[in-house]
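Report on the structure given below.
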């Protein structure tokens, strides 16, 4: 069953990656070319998934949209991890006052809902996919910070850390040599989960008009622009695409976690 | 009639059917105490878990276990649960984690009584205090209201023993009950177990790797190695005149105090070469019909 | 200046229709005492129209809660409201209004000349630009007697009386203190409540001085999401979908037994505005090339479900001076390319910064695609209207092209203001407009046609289409004006048949 | 005594955190480009009229002074007044807060109610078809955007079947019937997604218990599989779920905007978006402060809830 989870996760997320790669070199039609007379074509030939209100080929937009989807996930997770993990390790390694300050700052950030951040950021910098990804990333910093801190605490209680400390190895070296490698698996799982959360969050922001403009093909924006009554299928397609991507990365994360967490294994 | 009767019991795990208990048969008479001795991984705990029906989901069981004449391997969980904790109980190895940390210990014990009888809350509490008192818990009336983390390891193990005995069972399975305890506490708990088993007249399957403990507590002993019972008999008989080389090894390594200073300590391999004897290591069984037992943990 | 008979002519028409005071001729089988829910899209930021020019304020309040001396009817004619009659002096500078002696505010206070004078003077203090533009021409106002008001302009203006039919002409109850949340006027409905983010509710003015309102309460529900609006209408939650902003969904309402679809014109010209401060766009050839490159009928078909009239200048069909100039720049990409070549422009890259409205981003997508066909690279950016489009595009002129529907009536005058965000600076047009404004009424229309033609010839902007007045009502709702000639969603003419 | 000292310390830290949060919010909000005066005047605004309005609203005064006034006002329960309407921020927040509170307040218990059996079955049957299918269903449910769920529910139940109202909100005090019938779909949308989300935590919590020795003890003393898991698992599950809900509260209050938008409800998130668009900064600050303070308070309360649920923490407390 665990294997099945990982396989489905791999297939779903793999589909997204393949779609993004394919769209770099080829799409069936120009994903920005308006074709008035062809608007709202039902799925068929030559428009495999039909066309939208502009007569733009939905399949092409879907493929290109995969790029944006991945971009959002990568930017958000990378930002959150690059800032959150060092802070978490730093706090976890036992700097008392600095730790308290970081923890409180992280509390404030955590208390600021991601959406509020995104709204403010979009207001300050303008709504775009990048703004949305950055906002989601910032909002995810505390998640990584806390996760890294907890994992670091566990590692720090191990005897080999004590041994290292006793032999006078500086904290920075311990952090890089012993702590980081040991907390990486946990963070990897978190990264997969945050990745899918970021995709979902971006779809929400798109829905509120706080992410991509119409000219940028993204799944969230396609869903936002879809007319539920004139062509419901044009809402279902991006909706399913989002679900597949989120499901894929979620399952992947779960699969990896199950694999790493010995408690999840059946006892002999 | 035997209180417990195990026949040709084979337990294997997973898709690859890794065998943990292989063709084991044994009997325990009412009031009898049987020691089960073996090294880690020999299949002791799996055997105990099979008897009480708490094997993990991926286990396959073949053979028969009857308790008071009732077949257990095919018994539905609901009916099995009515026996567990009442007539058939178990004392676990790890007292630190065997109690729910979020519940007062008295309540955990009281629930166990209520589960198997219709007695009211008030009398149950008194019963629990009495039993706690009997197992040597000072200030038993205070301890019933304690959470597990407020008790020492020895106190917790006493609670667990109390819980195992509170419903006057006919068979108690003790899985290394004292291994996790300090040496001094170990002796006390063991004496307690001895007295209490006697007082409720319960039979006992006592699992241990420590021959000394088994010798002090059990009239009979079975030696398990690689999932098989390799020797069985009266305790003195087996320990003083082991017929199987593995048993001989066990006995010798246990008697380290007899080794003169400077001399090399004996190891089991001095007496027993696993590759030559019929006791094969856990093997993959093939073509063997397996019934998946009801999932339980 | 010369004397005019314009006012007199209008007055003659008014004399006949005085008794109707704004009624659209309801059928006899009307019921009273029901409530009316109208779905609209944009919620006003405040109800204080002396501060904000948001069209959503008059949409809910004008003619319904607030009344003016004269109003505009569905045919675009000036009709009496609080004034039964008026006359214009021979120098076209002094307007004398006879107030309806029956007229009272909803509070019971009669609408006296003093009240009108103080209201107009109060309006002149307003920061709203519409108010200032409409009222700045007034030299002074005075009460001749209790029922007569005299307004003297500093110079004759054909636009002035028209402006007085909208927010600049609103006559406030002298007792009003809080315009932002508690409007008080003399209309058939009074302001009841404003559930922010949801609805504004009006209730019937029981003591209305004219023909009473036909509904006990009227709610304007604000639903910005086009799908949600259609859902609300389809689920029977709305009586009227006041602004159909997803014309592609019209097919849902094709059952004429259940719904009535009203499709008329508005005063809204959807304009592809050029920033005339940009050197490339200063070149008329480039602007004309862009106009030739855009298939406006195709745009209307694709972006607005084929609803809307293609226009050719800053005028709409209900303007008296309207002339169909839609054929000025037929869709001709070859010609567009040729004009670009003539202008010597290569690799033209333009920003198209549009406000987030139902029509602008889709139109931008369409235009970007079509301009791409003639080799113009267009970067589309969507901006929130209030917080980003206004400061960046409107105030700071930081854009090449933008798309806005100019909803006010006769807003062609904006092209005469070089400081307006287009930075259109054409002395010929300015003098033509000035001439029309101050001309004798009979010359107004031909003079305006000249002005409008200048804009078309110069390709001052690409006038895409007249925003349609697209309304869906449930069957049985009658009296909705086909053309929206004012900013008001005028419910005084609406009735529900049983 | 030690307890009192620790409590005092926590309160001080809490207050300092809230104060810092207020400065952060004020800073971010004031740094937003755009201008409420211009946003209000709209197209046709002249620079003079914009300046006049700014002076009228006191926006020309120094930042520090305005911050001080704001903080001092908040201490007295005065969160300032909207520039646009002159109404107090508190009175503006009230009605939308009620909408969102109903939405979230009804959805959360229902989600939890649905999540418990889903998670329990998912944990117990994690190697069998029923548990696997439940788990798969929760995974899928979690992956669907909530507004998409809302749209589908609307089309089915409001437009096609006409069982309920499509959207909008009517206060409970105005008409309980209308209130209820309009809340059904938005609440259902949240519950569907949120239950799937919580079910995964519930499942993980129960699975944790399944591997615990004390669960084996419970089984050994005669608890049946399901009852034993429920009996001994529910507290463990409660701990993690309370944490999750506590941490999620702010996101839920603001995240409800997706559902509010779908169902055209005048909630807190919609107020916030609207206020940001119009640069009605007092309202933005007020709502932001309210949310952050609420979450910080809830975090504090979650700590307390931990103590109630998990006696192990009574000594020493959570670090």
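Observations, loosely collected:
Per-chain residue numbering starts at 1, and chain names A, B, C and D are given in the order in which the chains are listed.
Operating definition for what follows: a contact is a pair of C-beta atoms (placed from the backbone, for glycine too) under 8 Å apart; a residue touches a chain by one contact, two chains touch by 3 or more.
Bear in mind that the values here come from a model prediction, so they are computed numbers and not experimental data.
The chains that touch both chain A and chain C are D.
Taking the mean of each chain's C-alpha atoms, the chain closest to the overall C-alpha centroid is D.
A comparison of the C-D and B-D interfaces places the larger number of contacting C-beta pairs at C-D. Taking the mean of the C-alpha atoms as each chain's centre, chain C and chain D sit 41 Å apart.
Here the spacing of chain B and chain D, counted between their Cα centres, is 50 Å.
Here the spacing of chain B and chain C, counted between their Cα centres, is 89 Å. Centroids of chain A and chain D (each the mean of its C-alpha atoms) stand 21 Å apart. With touch defined as above, residues shared between interfaces to two or more other chains in chain C number as follows: 227, 231, 234, 384, 387-388.
For chain B, residues touching at least two other chains, in rising order: 57-58. Across the assembly, chain A contributes 123, 228, 267 as residues in contact with two or more other chains. On the chain C side of its complex with chain D, the touching residues are 43, 45-48, 51-54, 127-130, 132-133, 178, 180-181, 195-198, 221-225, 227-229, 231-232, 234-237, 384-388, 390-391, 394-395, 404.
Those residues of chain B that touch chain D in the shared complex are 52, 54, 57-58, 77-78, 81-86, 89-90, 92, 94, 97-103, 111-112, 115-116, 147, 149, 160, 163, 295-297.
Taken in their complex, chain A has these residues touching chain C: 32-34, 36, 39-40, 53-55, 123, 126-127, 209, 213-215, 225, 227-231. Only residues 32-35, 38-47, 49, 52-53, 84-87, 92, 95-96, 151, 154-155, 158-159, 162, 164-169, 171, 261-267, 270-271, 274, 276-280 of chain D touch chain C when the two sit together in their complex.
On the chain D side of its complex with chain A, the touching residues are 13, 16-17, 20-21, 24-25, 28-29, 31-34, 126-127, 132, 139-140, 142-148, 151, 155, 207-208, 211, 247, 250-251, 253-255, 257-258, 261, 269, 272-273, 276-277, 284, 288, 291-292, 295-296, 299.
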